[in-house]
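Going in written order, the chains are labelled A, B, C, D, E and F, and every chain counts its residues from 1.
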Amino acid sequence: MKARTFEQGIHPRYNKELTAGKAFKLASQPEEVIIPLQQHIGAPAKPLVKKGDIVNLGQKIGQATGFVSADIHASVSGEVLAVEKVNGSLSVKIKNDFEDRQDESIKAKGDLKDLSAEELKDIVKEAGIVGMGGATFPTHVKVSIPEGKNVDKVILNGAECEPYLTVDHRTMVEQAEKVIYGLQALMKMVDAKEGYIGVEVNKPDAIKSMQQAIKAEDKISVVPLEVKYPQGGEKQLIKAILDQEVPSGGLPLDVGVVVNNIGTAVAITDAIQVGMPLVERTVTVTGAVKNPQNLIFRIGTPLSQLIEESGGFIGTPGKVILGGPMMGQAQSNLDLPATKGTSGILVLSKDELGAYPEAGPCIRCARCVDACPAKLLPTALVNLTKADMNLKLQDYHVLDCIECGSCTYVCPANIEILQWVKLGKENLQAELRKSE
Amino acid sequence: MGKEKIDIKLIVVLTSIMIISALVLSLVYQATTPLINEHAAQAKKEAILDVLPGAVKYEKLEKGGLELYQGLDEAGSPVGIAFQHEGNGFQGTIILMIGMDVENQKLLKVKILDQLDTPGLGARMAEEEFKGQFQGKSFSDNFVAKEDVDAIAGATISSQAVSNILKDAIATVEQAYSGGE
Amino acid sequence: MDFEIFKNAIPSMGLLGALFAGGLAYSSVKFKVEEDPRKGEIEKVLPGANCGACGYPGCASFAEAVVKEETVCDGCPVGGPDIAEQVATIMGVDAGASSKERQIAQLLCQGGKAETFNQADYQGIPKCRAANRVANSKSCEYGCLGFGDCVSVCAFGAMYMDDNGLPVIDTDKCTGCGKCVSECPRSIIALMSNTEHIVVRCKSVLKGKEVKQACEKGCIGCTLCAKKCPVDAIEMVNNLPVVDAETCVGCGACVQACPTDAILETPYETIKIEKPKEEVLVITEDCVGCTLCAQKCPVDAIAGDPGNKHELDTKACINCGQCVKVCPKDAIEYQ
Amino acid sequence: MGDLGELFGSLVMIFMTAAITNNFILSQFLGICPFLGVSKEVPTAFSMGLATTFVMTTSAVCVWAVNSLILVPLGLGYLKYVAFILVIASFVQLTEMVIKKVSPPLYKALGIFLPLITTNCAILGLALMIPMNNYNFIESTIFGLGAGAGFTLAIVLMAGMRERLEFADVPAALKGAPITLLIAGLMAMAFMGFSGL
Amino acid sequence: MSNRTQLTVSPGPHVRSKESTSNIMFNVVLALLPTTLTAIYYFGSSALMLIIACSITAVATEALFQKLRGIPVTIGDFSALVTGLLLALTLPPELPIWMAIVGSIIAIALGKQVFGGLGYNFFNPALVGRAFLLASFPVAMTTWKLIDVTSSATPLGADNPTAIALKDLFLGRVGGSLGETSAVAIILGGLYLLYKGYIDWRVPAGYLGTVAVLTTFVGKGGPIFHLLAGGLMLGAFFMATDMVTTPVTKKGRWIFGIGCGILLVIIRVYGGLPEGVLYSILLMNMFVPIIDKYTLPRAFGEVKING
Amino acid sequence: MLTLWKDFVKGLWKENPVFVMLLGMCPTLAVTNTATNGLAMGLATSFVLLGSGIVNSLVKRLIPDEVRIPSFIVIIATFVTIVDYSAKAYVPAIAESLKLFIPLIVVNCLILGRSESFASKQPVHRTIADALGMGVGFTWALTFLGIIREVIGFGTVFRGTSLAIQVMGEWFQPWLIMVLPAGAFLTLGTVLGVMNYFKNRAASVKVDLQDSTGESCHTV
């Protein structure tokens, strides 16, 4: 079967061999966790605890405010040290007593067959599950299908096209049953008839493992995908698997699809089978660290500790990136905690980075045009943004940019295309708001 | 505003300006026309004598509806006829004065009276190097630039245009002669 | 002279003239389009910067709005009273109560290169709004990023970046159009009336210790200013003083009091006030180690184990006197 | 049929010559002012081009009429500048008034350019070339259309380039008119490729 | 305060491809090597002199202009060298050196730097230089030195095109500009660039294809002659593909290539000039902004919702 | 008197119609292939400018708005016709080389522009000063461009007249492009660019001066 894919895109070096063969390891628990009350897209949660409170593992410490928001739970048991702003975001600091006293609310929710779609959605909402691929969109919102929309397919995103990262890969190899269970739960929630799991063909063991797991299933199929970035982009994935284009400005819902990450499916499984809310997740710690590996950590563990856990830096660290090298974010402060959205910690050494290349003039080579998976004209977008012609950006569909960074990756003139485009998007949106 | 009356002043002013202008220009025209005509006639005479080597005077000649000029040498014997002909050049009309020897079926000399072609290129048609080559050219020649006519470098079109006008002129004159006689 | 020529020329030209003049005259009546002549006049008067500060897409649209009486004559913040008056004259009304009071942009940060440091290297487009989207590279997460976005949007040349990496606002040229205010991603430029005398030039809501680590001139929330204010015009909100312009008399006591120079007095140039540090606080032997002072200290200058005598780091101390107030044993005094 | 074909051929020739080979702007220097002025944006330039084409075509017709119905029969060739310019100026002004009243959207799109066109030498140049070339009624119309098309082509191309120029790092001294003229020079150089068509 | 910088923060992506502007330009120079060597082989020292003069002048002019403007000198990106070299390859071998120098100065100054330098020019700088020379010194620019052929002009100017052996055209044993003669050397370089992905196949394909199709029906000599003769190969592979002066969209590149082809055939067959590669490309260069503007690719998912 | 002098002088440099105001571009580009043409065109334009300026200034009050442009332009056309016929009668050679561009003086934006912006508002004597200044400014600008183009394009100055000078030696190979349309655009563009360059430099020097002395160096 030929690997399916979308049009355009790029082929960066994947560097997944660093950790692809390494099974998950439990990271040691930190002395103190810092749990931000906003680890998701949407409104921050409202704190339910105050300084001095004693909390249990899995206890809800933050209440979602509004629909697009997610609950926050304690990832260790212990005493609340403070509820204060850390790096601009209100957080709960808990001193770990290492007892792992489970909260009484944690209990198995029953069999999937017996649970209704509504009950399942409530379980997801109560467990504070968000998109684990890094986008951290609250999952219960995603599975709440608005009136009039009909969803018949659920896609699990196992493409993992970000270089370096291997968490989804390992999850599929090690926890195939949980993945399938989660997918079935998702299908039940949205009343979908078909389920797909898209996996890039560079993970043959994952494909094999998943195929093994769906043997008894006729509604679910595993789709091998071409190795190309950004294959895991929601819209690109749908295009590859179903050959359908999500309309500009629309959502996967508009073509009857819900896309979720492999990790999300596993988190749902845990929430149903064990009743444990989202208090730990998996992360690939890789790059210039002595022992690159895949870890399972408690949410709120400081980044520095996870790096220490992996043997510490090799040489002088240049960049520490949360997520992958394409869409991840460089950090300036390693005391900050890893959160629900932290799928990777990538260390790039100073030597690897080299000197920062000065941006030259655009030579109109059109590499960005040929790479853009959204088929935009990045070079024109940069020019228009620079010239402050914000409304014109609309004619060039700037809002369809998925911010994958392919344009910047290929630019021979080293122009920060993506950063300009993001600015342009911001400008246009501001302009549109003004004219409303 | 409602209905407004048409302003008669408008009409009066513009009409009188036109009338005054017409008056002034008529005077200027009258004053200058003789001079202009004289220049033109002078130029024409020079041109005719120029293209008919040996001629000292000329007389007008009507043939088949064409206006031709018969050149006469000092002895009063005809040396050829001059014919003014025009055609499209590279940029605009080219007007030629052509001297020809109808008896011997060949061209005598060509003068460019007017042309608008590219200065430095097509405009070099007025140079002897180019127009000189037509001297003695037979009526039956092809008049194709770069073949039997040496084109001006970089201005093949202008060269061809002149050749075409010449060819056309020959045909016209021959027609007149054959029809007239 | 041949008069024959006139016989054709004059009548025909006259006729042609009459014909077209008639046509024009006819159409000028028949196809007349009503347009308020005042619109054009107003447009001529306006500055023509098309800056949009008035809320209309450009000067022409503003003029149209004025004529249609959708907006007021002094709606052009750039033109100021002069232009407002001229517009009003065209419109035939008074300019209204446009007094000499006007809005001026003020920079609410003093964290330049000298006062702060970079906790990380920023590599990317040298624009504040771009840099603000990646992880914070400057020591103070509330402070000026220093790339001068505000300067680049100022249509009136009223701003420039100084050597310390901070924008400087030329208050004479500033028209209060507010472009820089909306451009600043860290909201450290604000429009203020030129009648406000006291400006708190810090936006950091962090606690004193953290501010101290990040910036030499940040507000540490010590509340000295509020205490020293003779008219109680200063209130502390979110670790920052808020000056009530109505009550403030502009005496400058708070400016004198501020240990970090975070409050400054206008008019507009940075006034350096030498702060005499005549006295030093010390903890006497009476201290019983109740930790109250250490808890209160905004800059964490007091340390010690519970039950034991505490020590005061005179270098870190800012003489705010909070500890003196809170000490149950009166064990802290000025020396 | 042959005659018709030949007629058609000669009309195409007139059109192409006016539009391309003897492009009004790039080889005859007629209409430079609007070419430099109204070429900042493609849509505006295109509107200007359309408006000019309209005026050129209608002027060509009017001028042909005035010339061959009044001036030539009466022997008043020397009055042609005065007569032509009067006709053009009044006609344009009339058109402007009418459009303004009848179709405000059209006025917004094209009408605002009309006053600019009155004093556009391209129009008078065109008018003077008609008697010079002895064009008949149809030829005059086609000539006007061709000249207008050529004008539109040149101004739209220029506008396209100037739009992109907004993003370029043009030396300060060359900004504005100088760089526009230099581009026009390069365009004229490229148009030389059409010479002799 | 002290500088306590440790980590670097930057927007993503944090990894980049190895490509750089100078890299690309250097590869273009490499690709021109076979053509350059052929030129020197056929035309000897005069060709070598022209190539050296043009290259040095181009680079020097660029440096001087940037110095005058007080902006960083960027001759290290090889783009000026490419322009100089390409210009030299379009010149007749016997051209006086001073004319070549003038052309090279014009190419860089007028063709490139007045617009702000690399990336901003509309017209291919080398062609601007050549067009300027051709307009200024038409005679010198159209006088060809002969190798061992008897024709007095380029093949396209020849009286009887079919008389020239296609094999000679292919190998370059004909009169013509330095780099125009040997189709095989040009194709070699062109294929290298195509292989490396530095040029888009659509432009040469559109250009050559259109010429081939049209000359099957019009003009003398037939398609193969027209493809091999004159500067078409050089133009199609090295001039029309110049990134800066061609459209960025795929559709636009088709239009560009086909447009060049149509114009070339019009000029060669109906026009007053023997060769039209230069003008066909310059003319299409003017259209590039417009083409780009109106050939926006359909953005992903750009459909009428409910449509 | 001072006003008049100012009206006159401004056209020479500060408000030069060609180099500063960019008026009358068509003849500027079209007829400057030789110095003679430039000079002749300049003189012809100056005459029309002066004549129509005077008349327009005199009759301005009589003309209603609706027919202002047609009337002005007809007056201008009248003067142009006078020039045209006089030139044909007295200097036929020059008339020949300027051809179409004499009638096009009618639509030279310089003339209508001055009529509209100056003559229609100012009294006659000031209009005369203005027209003379503008005329001289226009003439020298055209002649200057003509000289540049002719020297490079032909190697001569004032060719075809009794003043003709061969500027360049035998060795010189004329750059034909200079006398072609492209050359006209390129020359004017370059001249304007060079002028701006020096103007900008002068301006920046001025600013420096102001900065250092702290006061304006305006003396006029």
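The rule we apply is simple: a contact is a pair of C-beta atoms (placed from the backbone, for glycine too) under 8 Å apart; a residue touches a chain by one contact, two chains touch by 3 or more.
In UniProt terms the chains read A = Ion-translocating oxidoreductase complex subunit C; B = Ion-translocating oxidoreductase complex subunit G; C = Ion-translocating oxidoreductase complex subunit B; D = Ion-translocating oxidoreductase complex subunit A; E = Ion-translocating oxidoreductase complex subunit D; F = Ion-translocating oxidoreductase complex subunit E.
This one's a predicted model, so the numbers in the text were calculated from it and none came from an experiment.
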Neighbouring chains common to chain C and chain F, by label: B, D, E
Going chain by chain, each one touching the next, work out the least steps from chain A to chain C. 1
Name the chain whose C-alpha centroid is most distant from the C-alpha centroid of chain A. B
Farthest chain (mean CA position) relative to chain C: B
Per the definition of touch at the top, where is the C-beta contact count highest among chain pairs? A-E
From the mean C-alpha coordinate of chain C to that of chain D, what's the distance rounded to whole Å? 52
Suppose each chain is reduced to the average of its Cα coordinates; what separation in Å results between chain A and chain F? 69
List the centre-to-centre spacing of chain B and chain F in whole Å, with centres computed as mean CA coordinates. 33
Counting only Cα atoms for the centres, state how far chain A is from chain E in Å. 47
For chain D, jot down the residues that touch at least 2 other chains. 27, 78-79, 82, 86, 90, 93, 167, 169, 171, 174, 179, 182, 186, 189, 192, 195-196
Contacts with two or more other chains, residues of chain B listed in rising order: 7, 10, 13-14, 17-18, 21-22, 25-26, 28-29, 90, 118, 121, 156-157
Going by the contact rule already set, what residues in chain E reach two or more other chains? 6-11, 110, 114, 116-117, 120, 132, 135, 138, 272-273
Partner chain E, residues of chain F touching it in the complex: 173-178, 180, 182-183, 186, 193
What residues on chain D touch chain C, complex-wise? 66, 70, 74-76, 79, 82-83, 86-87, 90-91, 93-94, 97-98, 100-102
In the complex with chain F, residue positions of chain B that touch it: 7, 9-10, 13-14, 17-18, 21, 24-25, 28-29, 31-33, 35-36, 39, 43, 114, 116, 118-121
Which residues of chain B touch chain C in the complex? 1, 3-8, 10-19, 21-23, 25-26, 29-30
Interface residues, chain D side, partner chain E - complex: 42, 156-157, 160-161, 163-165, 167-171, 174, 179, 182-183, 186-187, 189-197
